[in-house]
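Two complexes are shown next, each including chain A; its partner changes from chain B in the first to chain C in the second.
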Partner chain A sequence: MSTRIKDRLLYIIICAISFITLGILVWIMAYIITKGLPYISWEFLTTDYRGDREGILPSIVTTLYLIIISLSISTPIGIGTAIYLVEYSKPGKTIDVIRFAIVTLAGIPSIIYGLFGYMFFVIALNYGNSFLAGGMTISIMVLPTIIRTTEEALKAVPKSFREGSLALGATKLTTIIKIVLPSAIPGILAAIILSIGRIVGETAVLIFTLGTATGFPTSIMDSARTLSVHLYMLAKEGLSFEQAFATATVLLIITAFINFISSKIALNIKRFAMGSKN
Partner chain B sequence: MKSDLQKIHTQNLDLFYGDTQALKDVSISLEEKKVTAFIGPSGCGKSTFLKTLNRMNDLVDNVKISGKVFLDNLNIYEKYDIVELRKRVGMVFQKPNPFPMSIYDNIAYGPRVHGIKSKSILNEIVEKSLKNAALWDEVKDRLKQNALGLSGGQQQRLCIARVLAVEPEVVLMDEPTSALDPLSTLKIEDLINELKKNYTIIIVTHNMQQAGRISDKTAFFLLGEIVEYGSTDKIFSVPEDKRTEDYITGRFG
Partner chain C sequence: MQLNITKDMLNKKNLKKIGKKVFEKIVENIFLLFACISVICVALIIFYIFTKGSPAIFKIGLGHFLFGTKWAPTQGIYGILPMIVGSIYGTIGAVIVGTTIGLFTAIFMAEISPPWMVKIFRPAIQLLAGIPSVIYGFFGLLVIVPIIHKFYGGGGNSLLAVIIILSIMILPTLISISEISLRSVPKEYKEGSLALGATHIQTIFKVMIPAAKSGILTSIVLAAGRAMGETMAVILVAGNSPIMPTSLISRVRTLTANVAFEMSYASGLHREALFATGVVLFIFIMILNIVLNFIIKKAGASVK
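Now for the complex of A and B:
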């Protein structure tokens, strides 16, 4: 077989695989949306889930709150840790232990985080089923992802940028803030989007820690249910598959929306950090 | 070690990377507002020595340095503010390394870091630096465009302009033209000839002709030591050391 034909064949196979993957994705989305869309109404989106009302507004709000709470805890810690590991730490025993811990944490099934969160935050610290307990637990859960993805992003920033900045008399901290971090923003954004994905999709951890209350959350000590938990409860108890699909559709749309917004925000941060527009 | 013309001089400088010695007992006096070229085979310590002059070696793990390096008679390895040092001793790298931001912001980066905020002053500095680096005419209409869009030669002149913007006294250049085409190389050489009126320039080069064309003095390095140091004319016409002659005439690895 000539090289040209082999090339051609390989190309066709790769295309086919890509199309199959894409096809499955589109099919799942189409399936969920066609099943869910007919049940989405203004009322469904704007009321709560009580009595004869079947709305999901509290769950939408809860999902957003939880994302904000978890990320405001885990992002600074995660980015800070990654900066420390990549920019400051000297290789040695301590660093090996930290890295081992991070890898281990990343590999733990989420139900274990749920149990831990329940025992520690809910029971021992007496936070009860609450945003505080749920947010803390979720933060710990997404921390390894944020650290590792940010680390990769920082490592990918060419050494020559750092040298150029330091040679101009910039301090290490200035170099990190003005050169390294802005260059790493796409990677850090990827970390955040991955985390949002995990937060939005999580159920096991949250049932233990944030609970399943259906009302509108009013404080950080309240229990509430996110869209995924709501979806899980609806499906598990066989209450209503229509509602479950409708909820899933909303979940899909929200996730897409959040990803879109995050990338816009990150782009602006990058522009801003990389200097004036004069 | 006494001439008033000397800008930088070193005394018995030894440098180790871990256990391997990269510089051996280097004592040299570099003259103000002259171009000094460092030549020598690969791995002989030219870059290492250059980096001791603005303490960029501090970034490397496991470096041990002993001996003295004086800038205007003050030892830079003793109670010397590194920020101040690097402001006074700028560095241009082998591979052009513009930051991924606009041309303007690249030049303004140094001055901003050193606390200049006024837009009009920054504008002035940017224009002056780009003019001094013979780049102004080529980029004056696109200062806001990303610097990574410039050609290699333009990028290197941008990096020189970026260094000039912090008003250094000494400019270190580590093979600044080795990644460039002949025409860009010529431009940079002309530029260096222009710059030596105001700056002390120390340049590492593998190109003998280049060293001959642009430098006033030349130091020949071998295995971490300076074998011979003197006026470029003399080194290239009547070298004292056999090893220098072998290297210059190309009979050497």
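Now for the complex of A and C:
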């Protein structure tokens, strides 16, 4: 009898706590969106942030530029690394060191990346607060994400694909480029989208490397602020919470959209992997 | 004549073959080069953080720096013990609250909820993981901090606010990894326990959680790393006074906040002291990484 009551109690506690978890998400989303949505207007999205104009267009443009710059550096390196790890590497010291490095990179908090980017790219290489410094630092930060996700995608390509291609006389490189990589494209896409999510949400790195300038960026040596940095500055200054709520809402919508796309791709990969087994 | 031509052709073929092999070898080495970039980056990061950070530690004195309880850059006093304590309290608090909530939610998702409800929970948790940290900070600043102020006074910027925000932020890590490890407990364990007459709840707590221990531990250590390294969300809710926290509602400053907060205007020894704070943070994170590796290796060995 007492076991039964205890069970019942634990069961209720488990359910209650789970719904608290769900409730927290709903609370955060609802709170920010209901407060932010009324302030979002066409003008807010399409004007710059100067004088009495409070638009976020420069931040949107900056975020896009930063994504393009960082990914054009880190995607080739990440995919190349994943190809080496999956297709070429043999067990040994080299591979252990590379793996250790990737795990370490993944564990380093963003503030340390920010500090490093500041010391190395901004000061030592004299890039100043710029897209170049920010993009370089961010691309190191997202490297583990790209490597790991691409690696999983490459591993999911059935061995028979490679054997078939090699048996037909194709070289290893041809096999990788024409057979393995095309089959792994959904996974690579997932890696890129995950990285975009991280870049959009990043703040600590960018305050030190890309800076917080409010104007439109015109060159790769310019300082600018992304949406997340803009929100941080607004929240910290505490001058206009309306703008902050509106910016946070835009950020949340972008995040939800990125999440939606990546889960769709993940579903496709699953179907592909299951289909290939049969 | 004819023979010569075939010989020539053969040579050409051979040459081509050798050429191809060399080319393949070159390509392999190019990929290896790509793979080495990560190693170079880690080496550079460690080198820069330590060479720029350690001089300040020697100038200030290791003991004064690590165990000094006063941080007053204008007077040339640099003690980071309040920040170390702040970071540790914040992380431990968040891990305790987060693990409790996270583990129960993982149990719910893996064992209790109907499949259609998992389909709601899973994307929700992914979304929770994707929300930028600055939004958590913003939410904490405008919702959690005023609530704490209302109940306990003192402005609300406090250790408690840090713990609440951090425990929400680490939930996705805790839940997703714990759920996976609960799901991968062999079915026989569960069936055996049920067959012996244990109830479902007893089976979960006495059989499945112990069996999924290494996965759950992994999630806790990963979450601790995230909590300790979090910066922006913490800055917005912590109050950032560099004093020893004495209660849950006293203002705190974490190691991460110390680096980020004063960097924009620091110079000279003050700036070096901030770099040195980065070194201390880095060492804490590396310790967590080593613990993580140890757990994963041990789990791997026990599977074998």
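Rule of thumb we're sticking to: the second predicted complex is superposed on the first by the 220 of 278 C-alpha atoms of A that agree within 3 Å, B and C clash if a C-alpha of one lies under 4 Å from a C-alpha of the other, contacts with A are read in each partner's own complex, and residues count from 1 in each chain.
Quick note on the criterion: contacts are C-beta pairs under 8 Å (C-beta built on N, C-alpha and C of every residue); 3 or more make two chains touch, one makes a residue touch a chain.
Here the structure is a predicted model, which is why all the values come from computation and not from measurement.
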item: If touched residues of chain A are counted for chain B and for chain C, the larger one; value: C
item: First, second, both or neither for A:Y39, with chain B first and chain C second; value: neither
item: Contacts of A:L173 with chain B and chain C, given as first, second, both or neither; value: second
item: Which superposed partner A:S183 touches (first chain B, second chain C, both, neither); value: first
item: First, second, both or neither for A:F216, with chain B first and chain C second; value: neither
item: First (chain B), second (chain C), both or neither touched by A:P158; value: first
item: Chain B versus chain C as contact partner of A:A256, first or second or both or neither; value: second
item: Intersection of chain A interface sets (partners chain B, chain C); value: 171
item: Complex contacts: residues of chain B adjacent to chain A; value: 54, 56, 59, 61, 82-87, 90-91, 93, 95, 97-102, 104-105, 108-110, 112-114, 119, 143-144, 159, 162-163, 166
item: Of chain A, residues touching chain C in the complex; value: 3-4, 6-7, 10-11, 13-15, 17-18, 20-22, 24-25, 28-29, 31-32, 76-77, 80-81, 83-85, 87-89, 94, 97-98, 101-105, 107-116, 118-120, 124, 140, 143-144, 147, 171-173, 197, 200-204, 207-208, 228-229, 231-232, 235-236, 241, 244, 248, 251-252, 255-256, 258-259, 263
item: Chain A-touching residues of chain C, taken from the complex the two chains share; value: 20, 23-24, 27-28, 30-39, 41-42, 44-45, 48-49, 52, 100-102, 104-105, 107-109, 112-113, 120-121, 123-128, 130-139, 141-143, 168, 171, 175, 199-202, 205, 225-226, 228-232, 235-236, 256, 259-260, 263, 275, 278, 281-282, 285-286, 288-289, 292-293
item: Chain A to chain B touching residues, read off their complex; value: 90, 158, 160-161, 163-171, 174, 178-179, 183, 274-278
